[in-house]
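What follows are several structures.
Below are two complexes that have chain A in common, paired first with chain B and then with chain C.
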Partner chain A sequence: MTFLRIGVMNELQYRANFFLQIIQSVVAVGTGLIVLALIFSQTDALDGWTRPQLLAVLGVFTMVGGVIGFIIEPNMGRVMADVRQGTFDYVLTKPVDSQLLVSVREFRLWKLTDVIVGAGVVVWAVIVDDAPTGLANVAGFAVSLLAGSLMIYCVWLMLTTGAFWFVRMEMLQELFTGLYRAGQYPVGVYPGWLRAGLTFLIPIGFAVTVPSEAVTGRLTIGRLAVAVGFVLFLMALTRIVWQWGVKNYSGASA
Partner chain B sequence: MTTGAIDDGLHESGLRAFLRLYATLFRLAIIEQFQYRAANYFYMIGMITEPVIYLVVWSTIADARGGEVGGFTAGTFAAYYIVWTLVRNMNIVFTPFGWEQRIREGQLSSQLVRPLHPIHYDLGFFAGWKVVVIVMWLPLATVLSLIFKPELNPTVAQMGAFFVAIWGAYLIRSLLLWMLGMVTFWTTRVSAAFEVFFAAELLLSGRLVPVRLMPDWAQQVAGVLPFESTFGFPITALVGPISNEELVEGLLTQAFWILFGVAGVSFMWRRAVRNYTAVSG
Partner chain C sequence: MPLIDVRDLSKVFEVPEREPGLRAAAKSLVRRKTRDVRAVGDVSFEVEAGEIVGFLGPNGAGKTTTLKMLSGLLHPTSGELSVLGHEPSKRERDYLSRITLVMGNRNQLQWDLPALDSFELTRAIYRLREAPFLEQRDELIELLDLGDLVNKPVRNLSLGERMKAEIANSLLHRPSVLFLDEPTIGLDVVMQRRIRTFLAEYNTRHDASIMLTSHYMADIEALCERVIVIHEGSLLFDGALGDLSDRFAAHKTLVVTLGEAADLSGYGEVVEASPTQVTLRIPRGDTAAVTGRLLAEQPVTDLTVEDPPIDDVIELAFASGDS
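Up next is the complex of A and B:
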C-alpha cells in the first residue's frame, strides 16, 4: 500500500503526461473504431461476432491493456533492470515475500485512463447490444477480467524469471506487446494452433475474449470454471518458477 | 558552428570518401546487430503478430463473403501481408521519440562538428541493419508462406520496381520521421503530435488494410499524402494487380516525396541548429 501511495505521488508530479495519455487512449480507441467500421462495411459478422459484440472486445482489450500498463509492465521491467544492474540483491534482503514485493513496486497511474476509456466502450457496447445484461453477466465479467489479468501477470512473471539466466530480456516486452495486439479480436477468429497458443501459452484469449463473452451473454458457466481453474494452476506454477529462479539467482555485482 | 560547413562537407571530401563512410556505417551496423540475433528475433516475432492479425481477420471476411472482398482473396491477402512484413522492416528508421534524448544528452553536439550532415550517419547505419533484418526475415517469411499459402506471381518488371521501391520507402520514411523528430528542437511536448501522425499513417498508408478497401474519400486523402509511398505502393508493386504505367507512376511519386523530404530536412535542420546553438550557447 505504501508503494502504491509513493507511486501515485510520483506520477502526480507529471500532470502533463496525463493529457498525453488521454490523447493516446483516444487515438487508440478511435483507430479501433475505424477498423470496426471498415470490417462491418464488408460483412455483418466476424466469425459469429456482431458489431456490438466486437465493440465489447475492443473495450475489454483496452481495459486489460490499461491494467498491464498500470502495474504489470512497469514492475516486470523493473525486475529486469534490477537484475541487469545488480540491484536485485536489495530485493532479496528485504524481510518480505520477494514475489509480492517485485509485483507492487511501480505504478503508472495515468495508464488507468485506458481502463476508464475501455470501460466506457464496454458500457456503450452493452447499451447498443440487444442481449439482456443481468447481474450474472456483470459478476461473470468481473471474475473473468480479474482472472485474465492475473493470468497475464503470471505468464509475464515467469518469462521475467528468465532474466536471472539471460540478462538481455528487454525485447521480451516488445514480444509481449506485439502478441497482446492479437487480443483485439476474439480468439475464435484465429486458426487452431494460434488459438491454442493465445489461450494457454500467452493467455490473451482468456484475458480478453472470456470477459467479452461474459458481457455479451455468450459465456457459459463451464468456460468460466475452466478460466478460474486455469488461473489457480498458473498462480501455483508461477510461485514454483519464481522460487526456483530466486534460488538459482547468483547476483550480478557480487 | 556554421551550417555552411555541414553542407559543403560532401564536396570537400569527395564522393569516394562519402561512399566509404556509408560502407563503414553499413558494416558496423551489420556486425553490431548480428550480435543481438535473439533480441532481433524477439522483436520480429512480436512485430509479425500485427500483419498476421490483419491477415486472419480479412481472410475470415473474404471467406464469409464467398471468397473475395474488394478484389482480394485469402491467397492475395496472404501475399499482401507477408510482403508487408518485409516492407515494414524496411520502414523501421530512427524514431522521432529518440530526438528528445539526442538533444537532452547532447549527442548532437559531437555530431555537429563532423564534416557531414548527421542524417547520413542514420541513413548508413539503418541501411546496414536492414541487411541483417532481411537475412533474418527469410526463414520467417518461409514459415508464414507455408502456413498461409500466398498467391504471388510477380513479373520481372514488378520485381525490379519492388526492389527499388523498398529502398525508396526507406528513404522517404527516414526523411519524414527526421522532420517530425526535429520538431523537438522547438518544443518537448511533441509526443502527442507523434501519436496522431502514426495513427494517420497506420490508416492511410496501406499498413492496416490495403488502401483499395478504404472508402473513396479516404483513398483520395491518401493520394495526396506520402504514407502510401512508404507502405501500400511497394507492397502492391510486388503483389499486384498493377500495370507497368502504374509502376512508373508510383516510383515517380516516391521520387517526388524523396525530393520533398530532402528539401524539408535541410530547411528544418538549418533553422534547428541555429535554435539549438542559442539554447545551449
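Up next is the complex of A and C:
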C-alpha cells in the first residue's frame, strides 16, 4: 500500500541505518548463539529442549523481534507521540478506521533483516535437528508465527491506549522490550507464576514458544487451536479497548 | 436546514484537581480529586453553506473545544449538533470525508519527505480517484503559489511554506466544511495575507463554509462578514462584524479639521488636538447631535466619524463578558 511505500521512502533517506542494522542483527544472534553454547557446555537439555531445538527458539525469537521492530513498535510509538503532541486529532478526523490507520503508518524497513537472519537460524535448526518438514509443519509454523505476532500487537495496542489517559507512556516501550528478552528461552524453563504471566499477560511465551514447537515437530493441533482461539479473543478485546479509548480521548488541549 | 446547526451545546470536562507540593502529589496517586470544568455552555448558532464565520474569544474561551465537537473529536456533554446532516461524534465515513480540520500549530505532513508524497498518502486515506485528485492537487498548488516547494522535503521549508503545504494537504479531498484553528499563527504578514486570499478564493470556488479562529484581527476583518464571540464558554455575540462595535463600543471617535483654531472641549472628550485638527471621543448615542452642533457652530472644513479599532472593540466585548 501507499503507506508501506512512504515508509520505505522515509527509510531510504537514511541509508547508513541499513548497514548498522545488519551488524546489529548479526551481533544479537551471535550473542544468542554464544549463550546457547555456554548453556549446553553444562547440560544436554533445557526443560526437555535439545540444542537444535533451542536454536529454533532463538531463530523464532529473532524473527518475531524483527516483526515487532518492523511494524509494531514504531506504530505504537507514533500513537503515543501523536497523543502527546495533539496530532492524534488528525487521525480521528480521517474517514478510515482509526485502529487500522494507526497500525500501518510507520515501517522500519531495516528491521526486516532480523526476520531474515532469524529465518536463517530456524532453517539451520531444522537441518541440524533433522526435524519433519512436511506441509503441515510449515503451515503450523506460519499460522503460529502470525498468531504470535498478532498477540503481541494486541497487547501492545491495549497498553498504548493507556496513553489517552496518562499521556506519558514511553516507559512502556522499554518495559515491553525488556520483557520480550525473556522470550529467548522456551517459557517452560521459567517458574510457574512467571510462565503464566509470560503466556497470557504478555503473550511472549505464546508468540515465541508455540512457533518454535511447530518447527521442532512438538506442536499438537490442540495447542495450535488454543493459540488461534486466544488470538481471536485478544483481537476482539483490543477492538473494544481501542474504541472505548477513542471515545474517552479528550485530546491535548490547544 | 442550515449546514451547521448547534443547539444548547455544552461540554464539561472532569479535570484532576490537586494542590501544589509533593505531599499533595502523593495523595493524588491514591485518590484523585476531580472538578468539573465547563468549557462550553449552552451555545447555539447556525451556519449556512458558503458562509465564513470568525470565531473569537480569548484563550480558553472554548473555541477549540467547540471546533473539536464540530469535527467529531469530542462528544458533547449535552445539546444537539448537526453538520451536513450528520451527528459529528459518530464520525461516519461520509461525514469525515466532507470536512477538514486544520490546526495551525500541529503538522501532519511527513517531515523527511516532499509534500507531494504526503499528498499521495492523503489520497490513499480518502480513497480519491486519480483524475479529481490530480486536478484538485494542481489547483491547490497553483492557488497557494506552492510551485516547486512540493518537491522539497518538508523539513527544508520555512514555517509559512510549510503551512501552505499543510493547508493544501488538508483540502485535497475538496471538503465543503472547513474548521480552521489559528491557521495563520506565527506567520509573517505577507504569508498571512496570502493564506487569507487563498481561503476567500477557495470559499467562492467551492461554496465551502469556513469556521475560523484567529488571534489576528486582520484575518477576521478580511475574511469574515459574520463573527461569533464566545467568552468563558458562553456566547456573547453573533452577528455582522460591523455590528460588533455598535454593541460593545459605547463611544465613537470624531476627527474634526478646522479652518481656524477653536476650543472643542465643550463637545466631548478631547483625545488629541493640534491647532487645526481635533480628535474627540463622544458617547455613541450623541453622534448625530454633536456633529450637527459642530457643523453649525464651528469653522469645520472636514469631519469624519470613526468606530474604535476592532481590536479595542473585541477587548471591550471580552470585558463585558467578565462583568
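By definition in this document, the second predicted complex is superposed on the first by the 253 of 254 C-alpha atoms of A that agree within 3 Å, B and C clash if a C-alpha of one lies under 4 Å from a C-alpha of the other, contacts with A are read in each partner's own complex, and residues count from 1 in each chain.
Here is the rule we use: contacts are C-beta pairs under 8 Å (C-beta built on N, C-alpha and C of every residue); 3 or more make two chains touch, one makes a residue touch a chain.
In this text, all values refer to a predicted model and were calculated from it rather than measured experimentally.
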| item | value |
| --- | --- |
| Fit-or-clash call for chain B and chain C when the two complexes are aligned on chain A | fit |
| Which of chain B and chain C A:101 touches, first, second, both or neither | second |
| Partner chain(s) touched by A:90 [first = chain B, second = chain C, both, neither] | second |
| First, second, both or neither for A:45, with chain B first and chain C second | first |
| Larger contact residue set on chain A - chain B or chain C | B |
| First (chain B), second (chain C), both or neither touched by A:10 | second |
| Which superposed partner A:181 touches (first chain B, second chain C, both, neither) | first |
| Angle at the Cα centre of chain A, taken between the Cα centres of chain B and chain C once the superposition is applied, in steps of 10 degrees | 90 |
| Touching partner for A:239 - first (chain B), second (chain C), both, neither | neither |
| After fitting on chain A: smallest Cα gap, chain B-chain C, Å | 9 |
| In the complex with chain A, residue positions of chain C that touch it | 13, 64-65, 68, 71-75, 91, 93-97, 99-101, 103, 105-108, 110, 112-113, 117-118, 120-121, 123-126, 181-182 |
| Of all residues in chain A, those that touch chain C in their complex | 1-3, 5-6, 9-10, 13, 85-87, 89-90, 92-96, 101, 247, 249-251, 253-254 |
| Residues on chain A engaged by chain B in the complex (per definition of touch) | 16, 19-20, 23-24, 27, 30-31, 34-35, 38-39, 41-43, 45-47, 166, 168, 170-172, 174-179, 181-182, 184-185, 189-191, 194 |
| Contact footprint of chain A on chain B as seen in their complex | 36, 38-40, 42-43, 45-50, 52-53, 56-57, 60-61, 64-65, 69-70, 147, 189, 191-192, 195-196, 199, 202-203, 208-209, 213-215 |
